[in-house]
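You will see chain A twice below: alongside chain B first, and alongside chain C after that.
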Partner chain A sequence: MFHWLEKHPFFFAVAVFVVISFAGLIEILPNFAQASQPVVGTKPYSTLELAGRHVYIKNSCNACHSQLVRPFKSETDRYGHYSLSGEYAYDRPFLWGSKRTGPDLMRVGNYRTTDWHENHMKDPAAVVPGSIMPAYRWLFKNTADIDTAYAEQVTVNKVFAVPYNAEIPMADGSKSTVKLAATLEEAHADALEEAKAIAADMKDQDVKDAVAAGQIPEIVALIAYMNSLK
Partner chain B sequence: MNKLMVFGVVFVAALLGLTWVIAGGQMGDDIVNKLAMLGAVATATIAIFVALKYIRQMQTDKASGKLADENWDGIGEYKNELPFGWAVIFLGLNIWAIWYFLAGYPVNAYSQIGEYNEDVAAHDAKFEAQHANMDEETLKEMGGSIFIVQCAPCHGLQADGIDGKAANLTVRLEEKTIKHVINNGQGMLGYPAPMPDRNGLMNMNTNALITDAEIDAVAKYVAGGMKGTEGADVFAGTCAACHGPDGKGMEMVAPSIADFNPTLVADVLKHGKKGAIGAMPAFNNLTEVQVKALGAYVTDLSK
Partner chain C sequence: MDNRPLEYDYTVAKMFMLTTVVLGIVGMLVGVILAWEMAFPAVNTMLGEGLAEYTNFSRLRPLHTDAVIFGFTLSGIWATWYYVGQRVLKVSMAESKFLMFLGKLHFWLYMLVVVAVVGSLLMGITTSKEYAEFEWPIDIAVVVVWVLWGMGLFGLIGIRREKSLYISIWYYIATFLGIAMLYLFNNMAIPTYFASGGIGDWYHSVSMYAGTNDALVQWWYGHNAVAFGFTVPIVAMIYYFLPKESGQAVYSYKLSLLAFWGLMFVYLWAGGHHLIYSTVPDWMQTMGSVFSVVLILPSWGSAINMLLTMKGEWQQVAASPLIKFMILASTFYMFSTLEGPIQAIKSVNALAHFTDWIVGHVHDGVLGWVAFMIMAALFHMAPRVFKREIYSKSLMNTQFWVQTLGVVLYFTSMWIAGITQGMMWRAHDEFGNLAYSFIDTVSVLHPYFTIRAVGGTLYLVGMFLFAYNMYKTMTSSRRVEESELQNASPMGA
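Up next, the complex of A and B:
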């Protein structure tokens, strides 16, 4: 075998590569396969949350806000438990961000509420003195794109087997199910139902009227997404 | 002694002489410096004579031994025994590899999370030692700094609720809040029985359900710090049964509505709250000491 390899440089190179990769493979691959499993309690996004995620991306929130809590005492004190790779299992694409001009938002749903987001998006400096974040008033007028969100849900469900309509184990031992609507009309109806619950906690009359009339302003979708970040 | 040997001795002497010229002046009495110098002598001598040995071998050795089967365009290779030292190192590496595979990597490897856990444990131990016996002033001061980070984003740096965007913590209750609680009930703070809404609130004085006018009166009375007489009778007839005649609450029954106290603050932090203004999430990430500190600080705010 060795004599044969010595006379065939290409296969020799391949054999060298296999030997050198071996240690890397047995050290990295099992760990990687384990860490990329969804963490218990990680749920896929609902239609409205996904629409909110699109609003987040559209407005480049990730340019100033990260979604990655590093394992340092100072960070976990402020933001909560450090991030695990399995928590991003349903993020396509992930929104880790690379710069924190504003604070991390990985677990913002744990310590901010619907009404806070509403006040803050209208006029950040009124809530956080000295904030340099601009106001995002158009979110209260623009309508969220439920069609695209639903299309993405169907796609990731078919292509990546994201578990919609399936029981997902939660941290407290219970099961939870995230619904994937059968038709686009149903998806709109479900999203509106979710939006109504959020609009009930809001104060902006225009937003309330729009939701009552069957429209979903972008701010409602964005808040649904923010509240889902836990 | 041949020419090569003489050259070697001269070269070693030159090296050591050079070392002495450069570093000799700084030797002093330090034993470490002397040891280093001794090391330099040994290193130079051994290096030169090992090099000489091989140079001489190259000069005198003749090719001999058995040729290997392969030859490349007429150039062959002798079959040499594996040097003993190499064999020892090879076997040693095998043993080390098995140890590393089974124990070294899985058990002793560096882990970022491990370092984090050690960090946190060390910090917590230091924190607890430092704050084992805090007086009221230190507690309040600590509560103040926690407030800026955790509470001020909603309640404002002045704790005034930023124009009604969150509860105003400089007063215990505002009229709006009291009316909302009476109308809708409240059961979020973890007391065994929730407070009923207005359809469950009897006024003992009139033996009837509480009326709109009575709600207005008692809301003004409680918001005004329970002074004066207007609304006092409604309070005595309706609220005092659970909140106590002085409004300071009763253990396991109802919280104080006369003032903030550490228990009430701890309950709100533990359960979160939803009321007239909006929702407040639970803050279960705070430690016991931090909750105590916030309790002391918030209690002090409305005094």
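Up next, the complex of A and C:
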């Protein structure tokens, strides 16, 4: 049989394809419907949070920070409850990372504050002596891209039925709603409101001035995102 | 009948040889910068605060991996394909104007993609998925480049004179099919600009898969991009170049059959080992773990087949630096494919995952196996392509030892760093509290990061020696006759 295959490239290629497709069919397909169900308390991202998530991705924060708490005592002691599949239901893409040069950030919103992040991003080693993380000062100058974040919200709402403007059950039995603005202008106004609350906790005068003038620096969006990680 | 030997046309092979060297240096240079940044964070702002955004670790890290995988390695794969393909199929590219045109188009479109990738990654335009960072416009271009190669590949096979496909061709076909399947499925995304009616950046997209599913598809891809980019085509190379250079027949045809079909079937299952103790179902993690161990068989099958090809001819390893490169590559292949399965065992993975041990594993595979084999292939090709002897044998020897030392420093330091950090993360004191804060586990790594940076720098120095040797071979080395090009490549002192 193999001698015959080696003389018939077409059938050879078909045979290779069949053999390499097996694993994907059996391992990946069956899980698809099941794993994307959100757990109670998992909300989609607001426009500003999503813009912050884009800043996180743009700077490859995931190259050094994981967002996956494994079910070991040493990890739950350090980072909080281990990760559940449904908590990632609205993460497109997932940001688990593959290397922990810095600590896990899955639940960083539980134990770090806006002003901690502000100081840390400006000079990591001043906040954590010995830190090898570079400073991210340009985040204070660049403007966050609210347009693209809003476009993504509209897309996931339309294509994947991500529940914006819908009641979402929370852990304490209450309901919560994440708004999807009807227009881009409204999205900008909403994001700015959220940004103002964060800028109020910050010290950097340039950032405060920018937000007061209706601009949202990347750092504000990033902090909004990190505060949402719980 | 005309009894003249066939004149092969290496125009396209030469183009890819050039990009192999250039992109190899670029990718490894970025890697060395990254290594020094981890050892000495001040390097992050080496070009000043103003350019820090483009020189800092996180912005450069995807550029390093992609330049080495899709720049250096892919160029090497194609350089060897446009050389090996003609020779084992017994047809010349010159015989078909169409295939020649396809080959050149393939190259220039690939160049275009390289430029787009470098630009977009530096600007921070990325999907964040490892080795699949490119946004959809580049993905489409990648698919076109891949299809062009596929047309050239099957086109050449279509007009072949030698009816039986040699082992290397099996592996090139598998490379083409495997990457095509993986790349397409993993990069499925919806452009937000079009879905939202024209809002935001036109190139932005959102993944078709969410959370755990996304992770599952990504690591099915990520792991198998290693399979079909770093293993399968490199095995294709060694099956051609080692027997050619040594003048020895492949040790066992049956073993090559077993290793090929075994590798094809088993490799894809092992992707789950990247997700052990994550939120993917337990049975998939176990499957990934078990198949990783099974994977030792086909991997070692090829490696042992290659080592036994040298049976009775071991003096060649001492005599020829070119054989040295290939034998060390094959040895590193065995080493790396044993180390990987060990890391895939659940209890070992609990310690190793997220640490530098994984980084060490990747680099003993890529620097020791992939890069050594590609450079050996280029050394073997150079005298046949340029009709000149290899410029300097002693330079080759120097390069071999400098780079071997570099790899050894690299992986030993990363082993120690990874295991140290993994142990410190999980250490508890007598009251059950965590023994170390996170920063303790970072500060302790400084010496190992420094040793790694030195190892990486040595390897890069070797790359420059390689580039110089190739350049001199191409331009000013002694011209050789066809009769000198039977097996062992001619080398100057």
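Quick note on the criterion: the second predicted complex is superposed on the first by the 194 of 230 C-alpha atoms of A that agree within 3 Å, B and C clash if a C-alpha of one lies under 4 Å from a C-alpha of the other, contacts with A are read in each partner's own complex, and residues count from 1 in each chain.
We adopt the following convention: a residue touches a chain if its C-beta (ideal position, glycine included) is under 8 Å from a C-beta of that chain, and two chains touch if they have at least 3 such contacts.
Bear in mind the structure is a predicted one, so any value in this text is a computation, not a measurement.
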item: Touching partner for A:112 - first (chain B), second (chain C), both, neither; value: first
item: Contacts of A:6 with chain B and chain C, given as first, second, both or neither; value: both
item: Superposition-derived comparison: chain B or chain C, residues of chain A touched; value: C
item: Touching partner for A:228 - first (chain B), second (chain C), both, neither; value: neither
item: First (chain B), second (chain C), both or neither touched by A:127; value: first
item: First, second, both or neither for A:158, with chain B first and chain C second; value: second
item: Partner chain in contact with A:31 - chain B first, chain C second, else both or neither; value: second
item: Touched partner set for A:215, first chain B, second chain C, both or neither; value: neither
item: Chain B versus chain C as contact partner of A:57, first or second or both or neither; value: second
item: Set of chain A residues, in rising order, touched by both chain B and chain C; value: 3, 6, 27, 71-73, 78, 128-129
item: Partner chain B, residues of chain A touching it in the complex; value: 3, 6, 27, 71-73, 76, 78, 80, 82, 110-116, 119, 126-129, 201
item: In the complex, chain B residues that touch chain A; value: 69-70, 105, 112-113, 115-116, 119-120, 123, 149-150, 153-154, 157, 162-163, 165-166, 277-281, 283, 285
item: Interface residues, chain A side, partner chain C - complex; value: 2-3, 6-7, 9, 12-13, 16-17, 19-24, 27-28, 31-32, 35-36, 57-64, 66, 68, 70-75, 77-78, 83-103, 125, 128-138, 145, 147-152, 154-156, 158-160, 184
item: Residues of chain C touching chain A in the complex; value: 37-38, 41, 44-45, 49, 52-53, 56-59, 61-62, 124-130, 154, 157-158, 163-165, 170, 173-174, 177-178, 181, 185, 190, 192-193, 195-197, 199-201, 204, 206-207, 209-218, 220, 257, 261, 264-265, 267-269, 271-272, 274, 277-281, 284, 287, 291, 350, 353-356, 358-359, 425-428, 433-434, 438-439, 442-443
